[in-house]
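The letters A, B, C, D and E name the chains in turn, as written, and every chain counts its residues from 1.
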Amino acid sequence: MCWLLEVNMRQTTSPNLLKHRLWLIVPAALMVGIFFLYPLGFSLYSAITLDDGGFTLSHLNKAFDLYSKDILFTIIIVLVSVAILAVLSITIAALITLSPFRSLTKTLGFLYRLPLFIPFIVTAQMMRTFLAKNGLMNNAFVASGLLTPMDTVSFLGWSGIIITFVWKQLAFSTLLISGAMAALDESQIRAARNLGASRLSILFQIILPQITSTLGVAMVLSIVTMMSVLSVPLMIGTGSPTMMTADMAFRINSYGDYHVANALGLVSYCICAGLAWFYLRQNLKEKGAN
Amino acid sequence: ETTLNVASAGSQNMVDYVKTYLAPKFEATHPGVKVNVVGTGPGDAGSHKIMEKLSAQNDSGLAKWDIDVAVVHQKIGGEMVEDGLLSKYRSEVKTGDMVSRDSAKNALGINVDGYVMPMFHSQTAIAYNSDFVENPPTSYDELVQWTKKHPKAFGYNGIKNGMSGVSFVTGWIYAYGTDAERLSSAPYDKSVESTWNKAFSELKEFNKNITFTPGNAGTLDMLNRGEIFMGPVWVDMFYSWKEQGKIPPSLKLSLIAPGMPGQPMYYVAPAKAAHPQLAREFIELATSPEVQANGIVKQFNWYPGIDANYVEAKLDKATWEKLFAEITPSDLSKYGKSFPIGPYFDDIKEGYERNVSN
Amino acid sequence: MSYPQTNSLLAKVNIRYLRPSFWLQCVFILLLALVLFGPIMNLLIWTVTESWYFPHALPSQWGFKYWQQVFNPYSDVSGSLFTSLLIAVLTVVVCLIVSIPAGYALSKRSMPFRIFWMLLFLIPQAFPNLTVYMNIARLFYDFGLNGTLLGVIIVHSVHGLMFSIWISVAAFSSTDPMLERASRNLGAGPFYTFFHIVLPQAAPGLIASSIFVFLESLDEFTGTFFVGSPNITTLPLLLYTASMEGNYQIASITALILLVPSILFMVIIHKFMKPEMLSKLGK
Amino acid sequence: MAHLHIQNLQAGYGKKLILDKINLTVEQGEMIALLGPSGCGKTTLLNALCGFVPVSGGEIFAGSRSVSQLPAEKRNITMVFQSYALWPHMTVAQNIGYGLKVQKAKRAEINRRVSELLSIVKLEGLEDEKVTALSGGQRQRVALARALAIRPDVLVLDEPLSNLDAKVRLSVRHEIKALQKQLGFTSLIVTHDQEEALVMADRIAVLNQGKIEQIGTPEEIYHHPSTPFVADFMGAENHIKWPTHDDAFRLNTSNPAAELDLYFRSENAVLATPQAASKDDLNAGLIIHGHVEQSVFFGNNYQISVRCGKHTIQADHDQNLSENTPVTLSVPNNALHAFDKEGKLVAHQKNHAVSVKSMRMNHVC
Amino acid sequence: MAHLHIQNLQAGYGKKLILDKINLTVEQGEMIALLGPSGCGKTTLLNALCGFVPVSGGEIFAGSRSVSQLPAEKRNITMVFQSYALWPHMTVAQNIGYGLKVQKAKRAEINRRVSELLSIVKLEGLEDEKVTALSGGQRQRVALARALAIRPDVLVLDEPLSNLDAKVRLSVRHEIKALQKQLGFTSLIVTHDQEEALVMADRIAVLNQGKIEQIGTPEEIYHHPSTPFVADFMGAENHIKWPTHDDAFRLNTSNPAAELDLYFRSENAVLATPQAASKDDLNAGLIIHGHVEQSVFFGNNYQISVRCGKHTIQADHDQNLSENTPVTLSVPNNALHAFDKEGKLVAHQKNHAVSVKSMRMNHVC
C-alpha cells in the first residue's frame, strides 16, 4: 500500500526527509493515503480479482470489450473540450492582459468569472433546457429571426457535453491563466511591443511560452475534473456512446458489478495520470533548463 | 427526542411526499419523535446508495445502523434481501396482509416475501402528444411502423440513463425475443439469450429512426418541449408532472402490446435499524388504506401499493376513475408486466450493450 | 517647422475607438456575454416558472409556487445551507493547512519523486470515486467518523486536495527565490521567511486554490451522502435529487440559493485581499 | 530616420503627474543625454515616448508624424530597458533576433545579424545560453544588442551602461556612439554618469522634478550651468552661501554685500600648502583658508577635504596631504558659478575652466 | 564584528565551477572592493559567502567561526542584492524595517531607525509607497537602507551604487564609508566603478574568471598592476605589442628586441603639438608620433584619440585639438607597465605616476 511505503520511507531515509523537506508533504500524503488510497486499494483489488480472490484480467477485458468505444469517446470529448477551453481561456486572458481598451477588459474581467461558482450539476441542468432543440437558445434564435423553427438542432449529445464542460471550466482556467499572465513582468511585454511585435505575436512568442506550466496545470485539472463528472453525461448525454463515468454508474447501479466498474475506474485513472505525467515531465524539463 | 431516519430513493416527489405528508402525520401520533428524511436521488442509483451504505455498516459490524426505514426500488430491494440487510417485518405490521401483488413476494426472481411492503406500484407506458399523434400505436409492431413514418419523433433514453428506457427495451425483448412469463420466472436458462439476436438487430435498426433523450425526465422534458411526440415514461412520473403543470394536458398515455414492465417501490426496514419498532409503525402508517388513498392515489395518481380494494373503499369514484383514465384496468392487467428475473434482466442489458449500442 | 495640432480630445477618442480591433473585441465580448448569460438567464427564468411547455417560447405561467415548496417548513433549507457553508469553509481550512507545506515543498525542483507525489494527489479526483466511497464509508464506520462533520470534511478535503496542492505548487513556483534569500540574509529563519515573504507572494494562487476547494465542497454530493447522512444534510443533496430528476424549478431555486454564499465568498476575498494580489489572480 | 520633437508633454501615473510641460527636440542623427537625479522622471519620459505611459497632454512627433496616440508597436522608437526586460524563455540569440523575426527577416539574415551584435557586445559563444544563466552585466549587453538589432530610427536607452564594468562600458559606449554616427539614428540616452553624458551626447538635457532645467552642448552645461541645480548636479559640489560671516573666506566682488549662492568644482579649487604658498592670485575670485580634514586617493590625483569653519570644501590635489595641514584654496573667478537668491546666474565669465586648471599647474610647479 | 577569512573557496552552479581556490582575508573593520569584468564570478562569491550558493570546497570563517556550512540566516553576513530583491508586498518602510522586526525590535525603535535610514538614502516621504511604484534608483536605495538597518557585522554589497545618479552616489558612497568607519563593520563591495573602488576600499581585489589576480591597496593596484589583465582593467587601456615594426614608435629599453606587452593610461600619455614641441624627454620610455583622430570633451579635459599606424592611442589633453593635427606622445618610463610573453612584470619602476604627471605639467607650461 502506498501510504505504508511512504511511512517506510520516513523511517529509512530520515536525513533525506529533513534535507528535502519531505516531512512537509507527509500530512497531505497521509491524508490521501489513509482516507483515499487505502479504501481505493479495495476497489483496485476488486478490479483485478475474481469473487473468490483469484487474480484475473477478465474484468479489464470486459471493460475494454464492452466499453472501448466509450473510452475512446471519453478521451475525444475530454481532449476536444480541453482544446477549446485552452483556446478560449487564452483568448480571454490575452485580451485582458493585452487589450488597450481598459473599459472592455474590465467588462471582460467581470464577465468570465460568472460561471465560476455554479456547480456542475446546476450547469448540466441549465444546459439541458438551454441547448435542447426547443430550448431557450434556439427559441431566442427563432424569435430574433436568425433561424426558423425547422432549422433548430438539438445540442444534447456529444456537442452538448463539450459545450457544458467548456462553459463550466472556462472561468476556472481563465482565472489561472490570466493570473499567470498578470504576474509576468510588464516590461517584458513592453520590450516586445517596442520592437514592433503585434499583440498576437507577443501572445504567442512572449507570453505563452512563459505560462505553459500554468496552462498545463489548468488543463490537467480540467481534464481530471471532466473525467470524473457524472451528472453531465447523464443529463446532457444521450445514449451511446457515452462517458466512462456513466458506464461505471450503470455497471454498479444496474448490475451491481463492482469489478468491471473498478476496472473502468482504473482505466480512467491511467488516462488522467498519463496526461498529467506528460505535463509534469514537460514541466520538469523546462525547469531543469533554467 | 428520538429521530427516525428515513432514506428515500426516487424522485423528488417521493421524497417530498415522505417529508411533507407522511412525516408530519407520523410525528403527530408519536410525540417526541422527529422524522428525518434523506433523498438519495432518483433511479436505481438512489437505491443503490442506500444499499451500499447499509452494507458498509454491515461490513464494519456496527450494532445499530443509521437508517430506520428506506424506500428502494424493486431490484435493489431483492438484492438487499439476498445480502441479509433487511429485517423480515411484514408479519409484524397490521397492514402486512393487505398486500396482494406478486411483486411483494418476488423481486426479479428473488424471494422477498415478508421483507418488503410496496409503497406504490409504477408502470412504464408510452406517452404521446395527442395534438400531433391521433392514432397512437397499440403494439410494438405498430410503433415500429409509426417510427418509420415519423423519423426522430419517437424518443427514449437508451438503457444507461434511466429505467424507462430499460423498460422499453425489456418490452421489446418480450415482444420479439421471449415472452414475459417465461423470463419473469425461474429457473434461469442461459441458452435463452441466444435467441434474441434478431430482436437486438431489429432494435438497432429501430434506433436509427428515433431520438435519444437524456434520462427518464429527459424523455418527458422533450415531450413537453415538442422535440419528440412519443416516448416511454414512468406512469407515476408522468402524472406528477402533469399534476404540477410541467407537461401540457395534451400528453396522453398508452400501454402497448405485448406489454411493458412495471415495478413497485418498497418500504424496507434495515436489519439493524436503531428504532425497529418505530420503523414498523411508520411503515404501518404509510401503508394504511387511508394514507394510500389520500396520499398515493389522490395526491399523485400513483397505483397503490396495497390491494386496490382496500384503497378504493376510501375514495370517491371520480378520484378512483381518474387513476385509470388513460390506461384502463384491463390494459393494465393485460400489458402490465413485471421485470424479468435477475439473470435474464442482466442478459437483456448486456445484450443491448453488446449488440445494439456497441 | 510646424506640427499639425491634434489636441482636441474628440480627435484622440476617435483615433482610439475607430480602430477595427476595438469593434472586433466588442463583438467578442458581446458573444461571450451571450454565451455566459444565456444559460444563467435560463436558470433565472426557471426559478420563477410555474409551467412552461411547447410551443411556448417563454413560460406559460410565471410564479413563486416552487419557492414556497423549497422553503416549506419541512425542508430545512437554511439549516442545510448553513451546514454546506460550514463544511465548505472548514474544508478550505483543512486543505490549506496540509497543502501549503506540501505545495511549497513540491515547488522545489530538488524534491525527490516529485512526479510521483504530484500524481498521488491527483488520484482522489482522477479515480472516479463512485466505487471508492463504499469502502470509505466502511472505513469511517470503523473510525466512528460516519455521520460526523469531521468525516464529511475529511472526505471533501481529500477530494479538494488536488486543486489546493496543484495550484499551490504553481503559486509557490512562481515566487522569486531572491526575495526568500534577502529575508534569510537579514537573519530571518526559514519559518519566519516563509510566513512573511513567501506566503504573501503566493497568496493570490492560494486564494485561487481555496476558491476551487470551496466550490468542490459545495458541489460534492456522493461523499456527503455516504459519510454524512442521515445526520448531516447539505444543500447539494437537495439539489442533486431535484436536478437529476428534471425538477428544474426546485433545482434552479436551490442553485440560486447556493450561489448566494459563493458570491459572498468572492466579495469577502475582494475585501480582504490587497488589490495587487488580486491583480495576480487575474482580472 | 527621423527627428524627435516633444511638445508640452505631460505624463504621469494615474493622477500623479510626473512630467510637466516637457519641450525637447532631438535633431535627426543627434544623440541627447537626459541627466537628472533618481526619480526625476527620466524613465517616465522614455516610457511616454515609447507609448507605455499614456500622454495626458502635449504631443510627440517622430518626423512630422504625431505618434502620441499611436500604439507602442507602431511608433518605431526602440528602447533599452533599465531592468533589461529580457525574455527568460529564450536563448540569448533568440532574444537578440526577436525584432528581426517580427519583421519576418530571413533566418540566415537573422543569424548573421545576431552574431554581428554578439561580437559588438562581446558575448560571442553565449548565443545558446538561457538569459537566466547570465550575469547582470551580460544581461544588460543582451538587452542592448536586442535593441540595436533592428537598426531603429529613434533609439532610447535607459541607463544602458549602468551595470557594465568599466572596461566593457567604455567599449560599448564607444560602440553605441560609433553606430549612432554610422547609422545616424536619433537617440535619447538616460544616464546618471556625467562623463558618459559628456562623451556620448551631442547635447545634454538636465531634468529635475519632471521639468527640463537646461539643454545645451556638453561644454555649455559643464561650464555654464544656468541654475544652481544644474551647477550642483554637474559636479560643482562645493556650495557656499555668501556672505559667510567668516574671516577664512574672501570673495573678490564688486558687491560684497550681495547674497549669493556660490558653486564650484573640486578640480577648480587650487590648493596651496604653506610651503608652496605664493602671493594671492589676482585671478582668484574666492580665497579660503582651512585645514586638511581627509585625503583620498583618486587614481590620478587625491581629493582633499578641507575644513573651513562650518564648511567642508573638496579640492583636487596631486599629492597626498596629511591631516590638519593648513592650506589655502583659491577658486578663479571664471570657475565660480554664482547665483542670486532667485537662482539667477550672476557675473558669469566665459573663459573655459580648463585654462584655469593649467594656470593652477603653474603654481604647483 | 569579525574579520572574514576565505580559504581555498570553490563554488559554482551545478557542475559548472565558477570560483576556483579563492583566498581572501578581510580584516576586521576593513572594506575590500571586488573588481572584475562582468561574469567573472563576483556575485557568485558574495552568494557563497551568504550561503546561497553551496560551497563545494574550502572554508569561510567569520571571526574564528567556520560559517561555510551554516544556514544563511545564521551567518550574520548581510547582502545588498544586485537585483535589489525588494519585497513587492511591503511598503518602503516595511522593507527597511524587516530585519529589525525579525530581531523583535520595538515598534518605536524600528520607526526611528527607518526614518533615520530614509534620510540617509534621501527617500524621506516615500516610506508608505509600495516598492513597485519606485524608480530604479529609488529601489536600489531602499535595498541599501534595508541592509544597513540591522547594523550588520559583515556587509557585502553587490554593485550597490550602480543605479544611483552621480549626486546621490557620492553621498551614499560617503555614507557607507562613514558608517563603515564608525561602526567598523567588515565589508566586501562589488563595484565596476574603478573610482568607487579606489575611494571606498581599503584594499582592492581584482577578480578574473573566478580567480583573484591581485590584491592590494588602491595605490598598489593602480600604480603597480601585477598582470596585464589588472593593468588593462585598472584603466591602462592603451596597449602596444612590442616590437611594432613601425618607425612611429620608439621605446627606450635596454633590450629593444624583447617581446613585450606595453600598457599605459591615457592620463600618462603626454601629448605635444608641433608648436609646443620640445626636445624629446629623457624620462620618456615610449615616444609615439601620430595624428589626432578624434577629440572628445571630458569635462575637465579632452580625450584625444591619436592614430599611429594600426594603433589608436588615447591621451588626455587640456585643449581641444582639431582632427589630423600631427602630435607626439611620450609616455614616461615609470608610467609604462611592461609585461613579458608570460604576463610577468618587466622593469617596473616604483615612482608614483602622480609625480610623473606633475612632470608632464612642466612640459606643458
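Just so it is clear, a residue touches a chain if its C-beta (ideal position, glycine included) is under 8 Å from a C-beta of that chain, and two chains touch if they have at least 3 such contacts.
Here the structure is a predicted model, which is why all the values come from computation and not from measurement.
Visitor: Which two chains have the most contacts between them?
Guide: Result: the chain pair A-C has the most contacts.
Visitor: With chain centres set to the mean of the C-alpha atoms, which chain is at the far end from subunit E?
Guide: When every chain centre is compared against subunit E, the largest gap points to B.
Visitor: From the mean C-alpha coordinate of subunit B to that of subunit E, what's the distance rounded to whole Å?
Guide: 91
Visitor: Would you mind pulling out the distance in Å between where the CA atoms of subunit D average out and where those of subunit E do?
Guide: Here the centre of subunit E sits 20 Å away from the centre of subunit D.
Visitor: Cα centroid separation between subunit C and subunit E, in whole Å?
Guide: 55
Visitor: Residues of subunit B touching 2+ other chains?
Guide: 43, 215, 218, 221, 225-227 - these are the residues of subunit B that touch more than one other chain.
Visitor: Note the residues in subunit C that touch 2 or more other chains, in rising order.
Guide: If we look for residues of subunit C contacting two or more partner chains, we find 16, 54-55, 135, 138-139, 240, 244.
Visitor: Could you check subunit E for residues that touch two or more other chains and list them?
Guide: Each of 83 in subunit E touches at least two other chains.
Visitor: State the interface residues of subunit B toward subunit C in the complex, per the touch definition above.
Guide: 5, 7, 11-12, 15-16, 19-20, 23-24, 36-43, 46, 49, 52-53, 55-57, 59-60, 62, 66-67, 215-218, 220-221, 224-227, 244-248
Visitor: What does subunit E use to touch subunit D in their complex?
Guide: 13, 35-39, 43, 82-83, 133-138, 141, 159, 162-170, 192-195, 198-199, 218-219, 222, 232-233, 235, 237, 265, 267, 296-303, 318-319, 353-354, 357-358, 361-362, 364-365
Visitor: State the interface residues of subunit C toward subunit B in the complex, per the touch definition above.
Guide: Residues 50-55, 61, 69, 72, 74-75, 133-135, 137-139, 141-142, 146-147, 222, 225-226, 229-231, 233, 237-238, 240-242, 244-247, 250 of subunit C touch subunit B in their complex.
Visitor: Could you please specify the touching residues of subunit A with respect to subunit B in the complex?
Guide: It is residues 66, 69, 128-129, 132-135, 154, 156-157, 234-242, 246-247, 249-250, 252-256 of subunit A that touch subunit B.
Visitor: Any idea which subunit A residues touch subunit C in the complex?
Guide: Touch residues, subunit A against subunit C: 2, 16, 20-22, 24-25, 27-29, 31-32, 35-40, 42-43, 46, 91-93, 95-96, 99-101, 104-109, 111-127, 129-130, 134-137, 139-140, 142-143, 167, 172, 174-183, 213-214, 217, 220-221, 224-225, 227-228, 230-231, 234-235, 244-245, 248-249, 252, 258, 261-262, 264-266, 268-269, 272-273, 276-277, 280-281, 284, 287-288.
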